[in-house]
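Sharing a structure below in structure tokens format, with a few things to ask.
A, B, C and D label the chains in the order they appear, each numbered from 1.
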Amino acid sequence: MKSEPQQFASDNYAGICPEAWAATEAANGGSVPAYGEDAWTKRASDAFRDLFDKPDAEVFFAFNGTAANSLALASLCQSYHSVICSASAHVETDECGAPEFFSNGSKLLVAASPDGKLTPALIRGLATGRSDIHFPKPRVVTITQPTETGQLYTLDEIRAVSAGCRDLGLRLHMDGARFANACASLGCEPAEMTWKAGVDLLCFGGTKNGMAAGEAILFFDPALAEDFGYRCKQAGQLASKMRFLTAPWVGMLEGGAWIRNAAHANACARRLAGAVAECPGFTAMFPVEANAVFLKASPERLDALRDRGWRFYTFIGGGARFMFAWDSEPERIDALVRDIRAVSSAVPDRLSASG
Amino acid sequence: MKSEPQQFASDNYAGICPEAWAATEAANGGSVPAYGEDAWTKRASDAFRDLFDKPDAEVFFAFNGTAANSLALASLCQSYHSVICSASAHVETDECGAPEFFSNGSKLLVAASPDGKLTPALIRGLATGRSDIHFPKPRVVTITQPTETGQLYTLDEIRAVSAGCRDLGLRLHMDGARFANACASLGCEPAEMTWKAGVDLLCFGGTKNGMAAGEAILFFDPALAEDFGYRCKQAGQLASKMRFLTAPWVGMLEGGAWIRNAAHANACARRLAGAVAECPGFTAMFPVEANAVFLKASPERLDALRDRGWRFYTFIGGGARFMFAWDSEPERIDALVRDIRAVSSAVPDRLSASG
Amino acid sequence: MKSEPQQFASDNYAGICPEAWAATEAANGGSVPAYGEDAWTKRASDAFRDLFDKPDAEVFFAFNGTAANSLALASLCQSYHSVICSASAHVETDECGAPEFFSNGSKLLVAASPDGKLTPALIRGLATGRSDIHFPKPRVVTITQPTETGQLYTLDEIRAVSAGCRDLGLRLHMDGARFANACASLGCEPAEMTWKAGVDLLCFGGTKNGMAAGEAILFFDPALAEDFGYRCKQAGQLASKMRFLTAPWVGMLEGGAWIRNAAHANACARRLAGAVAECPGFTAMFPVEANAVFLKASPERLDALRDRGWRFYTFIGGGARFMFAWDSEPERIDALVRDIRAVSSAVPDRLSASG
Amino acid sequence: MKSEPQQFASDNYAGICPEAWAATEAANGGSVPAYGEDAWTKRASDAFRDLFDKPDAEVFFAFNGTAANSLALASLCQSYHSVICSASAHVETDECGAPEFFSNGSKLLVAASPDGKLTPALIRGLATGRSDIHFPKPRVVTITQPTETGQLYTLDEIRAVSAGCRDLGLRLHMDGARFANACASLGCEPAEMTWKAGVDLLCFGGTKNGMAAGEAILFFDPALAEDFGYRCKQAGQLASKMRFLTAPWVGMLEGGAWIRNAAHANACARRLAGAVAECPGFTAMFPVEANAVFLKASPERLDALRDRGWRFYTFIGGGARFMFAWDSEPERIDALVRDIRAVSSAVPDRLSASG
């Protein structure tokens, strides 16, 4: 089927990067044991242990982020416990109740947070608001790094959150659907941003990073991983031809594609944000710290952009979201910039534009 | 990583067939909408509707058979209902309680059946054994075509089962993890074996048929599919880059690879079964009607086979199971035949051999 | 154990009223079939059908409100559906995630509502905010009559809510933990306030109305009750000696104790509210329309009341909640009034008192 | 409603014994805190701790056995674990899938056991049959004392079972729906039969022992009880007017009614069994060790008994089941004996009688 011009509506619109593809191709030969008893799965797991400098980490592979995050959270709490998250966290807003389903009823306690980031104070507020058996007991905190709108927790912020969690007897989970983008942006080691900062459990996203599908679940405390393999199997997340879920990870991790892909996507976001920073009628809604750019503009201007063939979502605050991936083409970004500039000049401002 | 000689321990040991691969490659270009809003997914769905001659069928795609079957069954019953299946059905023996998990507690009522096939009488026995609220109410029957041991329901048998189900107010689900092998063996149209014979819901397996991963769920009665997309999403079975789960189906279905692959695998099974039919000390445990061969032999003979480098499972009745796939090599089968013959002659019989 | 002076901290602090007691005593003789196959259960069910002028209503009995409401809601939605309720609804704030547990994950969508009442506009806002499969699909609305803070929906308001529900394809459930108080206050027939106004399902509370335990679940559309008996049994809500859960209902309903008890409790609330209406430093937080009185006062004044031996909760807005029951003693209310007046005079106002 | 002649169809047909009644009456006065924060609940809990000579036991109260056993088992395993029980265990045969529901999918692994008793060998067989992630991992064993058919585990047998469990890393739960009958029959201390013999968790039945409703859940290892109060609340098993669920326990335990009631019921069973032991055409199906008598007889003889006004169930092996309770009247038993003898003489034997 013929290809259309590249869009930046989602980093899920991108295909499979060459390194993941090559590893899949390499894995596609001969008879290979099923259900993870194969050499590729071992190699991918070891690559994660190396990358995180944590030889005793337990690594599992799920098909997607919905399952990875939900299974991870379910492993940390019972049905009568609760999970503290930001009101804009993906587990709250876009998983169709998956965390509640996999945990058989755990409630999400949401903190209103302008930038989608939790703070020790927000966590404490939710964790200590109730202490009676008529309300689910808080047991785990989940933070998204980077957030849905592309903001980052600094290492200090993560450490502060994890210290707050420890004080309250809470576990700390990180939704890293775009973990690589965070690493690339902060320029830090994966270990620093996770277990060394007090994160118990990480879901490391592969799909948005350049794979066809797949998310890795990393338990930094092996004791927490007890029987997690059974949990994955029962929940429909154990691949029979597992090598095709794990070989791509080998391709991503061993040669550094994971961080290169992310750095490229981040650079693309900065390229767009920088180029339109001064465009009248278009305002950046959030600091650009990862691979997302959100631009506030009048409905007329957004329509004008659409008329020029651009696709984008506006579900967050009504602004236009642009997400970049490993394959984002600079020329195409420049085309977008040109169209934004043109729309900026051509479409008059209105009083209601910033509303 | 270097490849080892081909084994027939499982049809999950095989890789991705050329047609599925080519379609994946073709899908790997450009920006493509996520979550199934893409042309590949539409095309795969249409290919299923065409193949089953059922333009109003609703088609969904899950990552694997555990999820596909469990979600399908859960859509047909509530937690206080029960599912009638054979004692050797995969949903009972090898899904780690997934049907119970996805349905939040539906009980499987198992019929002891020597060949793994249900009959109207067996179904009636289980469905009418209890009619009080202290025991889960039967609501759905699941049959596996072909069975775990490679037997087939004839069309008449399926029609009889479905008629029995209708009499009892039960829905009929077909676990078609190896559906293609059944079609190839019976030489019938998919429609004849399913909706025309009274099947409400089919899980059509892609993994064992030559894909990397993936199972299609076909609702022949669209009314039963209400909100099923939500169910899939919540249960972690909605792929973001959906095209990579659906394009391979296009490759499999449009050019007929699905039936060629299955026919080849079935022929391989007959090749082995035919060649060792007269080998003293090796006895076929089941009629070879699909892609499986089960050989009963003494532990000494099985060990001798293993010593010659062959891998196989013995979890069904202690016999050696050999499963063939789209890529099974005739030469390698012949090598297995030679080794079985050699072991047959070299290892003496024992009284306990057939025990 | 010796009795202490009566408190008005909760209507759950009251005992069993004479009519419920007498019926229990009457039921305590001879051999009686278990699990609801007894004459008392039939008689109680019929009494409900009579009371609601609905001969085809289906009636079930649960041990408590947590279960009754959760089972009722679960019967109206699947795990990937959502329930619209007020932010102060008991199912959201005080059931420890029971609705999510019994439904295996249905999400509660909460509307901020100052008085705890839903309106068609609030419902429409929540029901139409999202229509994609990434968020649970709204399927049922639950209203509490009276609300947690003692406000009532008028009949017109209920009709408007139900009309709004029908437009949106939503079912309407009424949490009637204090349903009798609503009837007594509005002076209307139970039928008018429920099925004639478009309510599909009612949980009618017995515990707060004078029973030891028990809640009735009334399906006004019998089709919705399909297999609900199995649901109750599986969920641990089928009493073996059912007569002891149902005979008290006979005692409550047949002679009118249910409405007398409620009228008394409502009158007690008005008695308190009226007597302290002019007390400086004590302000009614909500209109007194049922059996609850909430009084805002400074922490010093509340402490002073506690020092005089009064127990009350302050979990709603920091005010003192007083709840009245069938057994509330006018003399004791007058004693409370005297103490409030005394505290009103003795404890000085502070600037922060009303904060 | 008028009382009919006493029947022995079930020990659930009996009413409330005087001691439970008196305690309920005593509890029915004054304002009493809700949700278990009352003196009666503390006193009942302490009475259990005294009775079991285990000051640190954690005690919870559920409405019925379905919930008590299911919640207890759910607290010991996750959804991907399994529970080993006898094929005739009540949790398997008569709870409508409640254990699967409360645990969100734990599978029951049933051992065929002629007398309903598990042995270390049976447990080991089920516990070690599978050790792969494709089948739920055994985590807990449940034994019923006495069994559904009235047999008892000796103390040595319990100790052997618990030793076997410990070897296999399994927890041991005892379903004591008729625990008192076991104590009365074995003449042993509750502690000997439970925690001193290695039982981790006991559900102690009150309903069949003479109460209106109620089951106690005793954790002998307090660590296992972590957050169990939340579990009960979420699952609809926390009574608001808790005193009415717990005061009866005070009445039962403090004065010894619990054991007297059970001893009486056991004696009644022996009275019947002894009196009909020599009746031609009636054969005891099981040793009479508790309060149950099962009599095998021809359909004609059973019909003849029914014609004489007797009600009984035949769901176990087609024999007539008679269950005795605290209120069983010796005269009425003697009337049953006379009728059995009459039927024994009057109805001729048939060849098929014992089939």
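Heads up, the rule we're going with is that a contact is a pair of C-beta atoms (placed from the backbone, for glycine too) under 8 Å apart; a residue touches a chain by one contact, two chains touch by 3 or more.
Labels paired with UniProt names: A, B, C, D = L-threonine aldolase.
This structure is a prediction, so every number in the text was calculated from the model and none was measured.
K.L.:
With centres defined as the mean of C-alpha atoms, identify the chain lying farthest from chain B (L-threonine aldolase).
P.N.:
C
K.L.:
Decide which interface, B-C or C-D, involves more C-beta pairs in contact, and give its chain pair.
P.N.:
By the number of C-beta pairs in contact, the winner is C-D.
K.L.:
Chain B (L-threonine aldolase) to chain C (L-threonine aldolase): how many Å between their CA centres?
P.N.:
The separation of the two C-alpha centroids amounts to 51 Å.
K.L.:
State, to the nearest whole Å, the distance from the C-alpha centre of chain A (L-threonine aldolase) to the C-alpha centre of chain C (L-threonine aldolase).
P.N.:
Inter-chain centre distance comes to 42 Å.
K.L.:
Quick one: report the Å distance separating chain C (L-threonine aldolase) from chain D (L-threonine aldolase), using the average Cα coordinate of each chain.
P.N.:
34
K.L.:
At least two other chains touched by the same residue of chain B (L-threonine aldolase): list those residues.
P.N.:
Within chain B (L-threonine aldolase), residues 35, 79-80, 95-98, 101-102, 104-105, 133-134, 136, 230, 233-234, 238 contact more than one other chain.
K.L.:
Under the stated contact criterion, what part of chain C (L-threonine aldolase) meets chain D (L-threonine aldolase) in this complex?
P.N.:
Within the complex, chain C (L-threonine aldolase) touches chain D (L-threonine aldolase) at residues 1, 3-10, 12-16, 21, 24, 26-35, 39-40, 43, 62-67, 70-71, 95-98, 101-102, 104, 207-208, 212-213, 230, 233-241, 244-245.
K.L.:
Taking the complex as given, what residues does chain D (L-threonine aldolase) use to touch chain B (L-threonine aldolase)?
P.N.:
Listed in rising order, the residues are 79-80, 82, 93-98, 100-107, 133-136.
K.L.:
Give every residue of chain A (L-threonine aldolase) touching chain D (L-threonine aldolase) within the complex, in rising order.
P.N.:
35, 78-81, 104-105, 133-134, 136-137, 227, 229-234, 238
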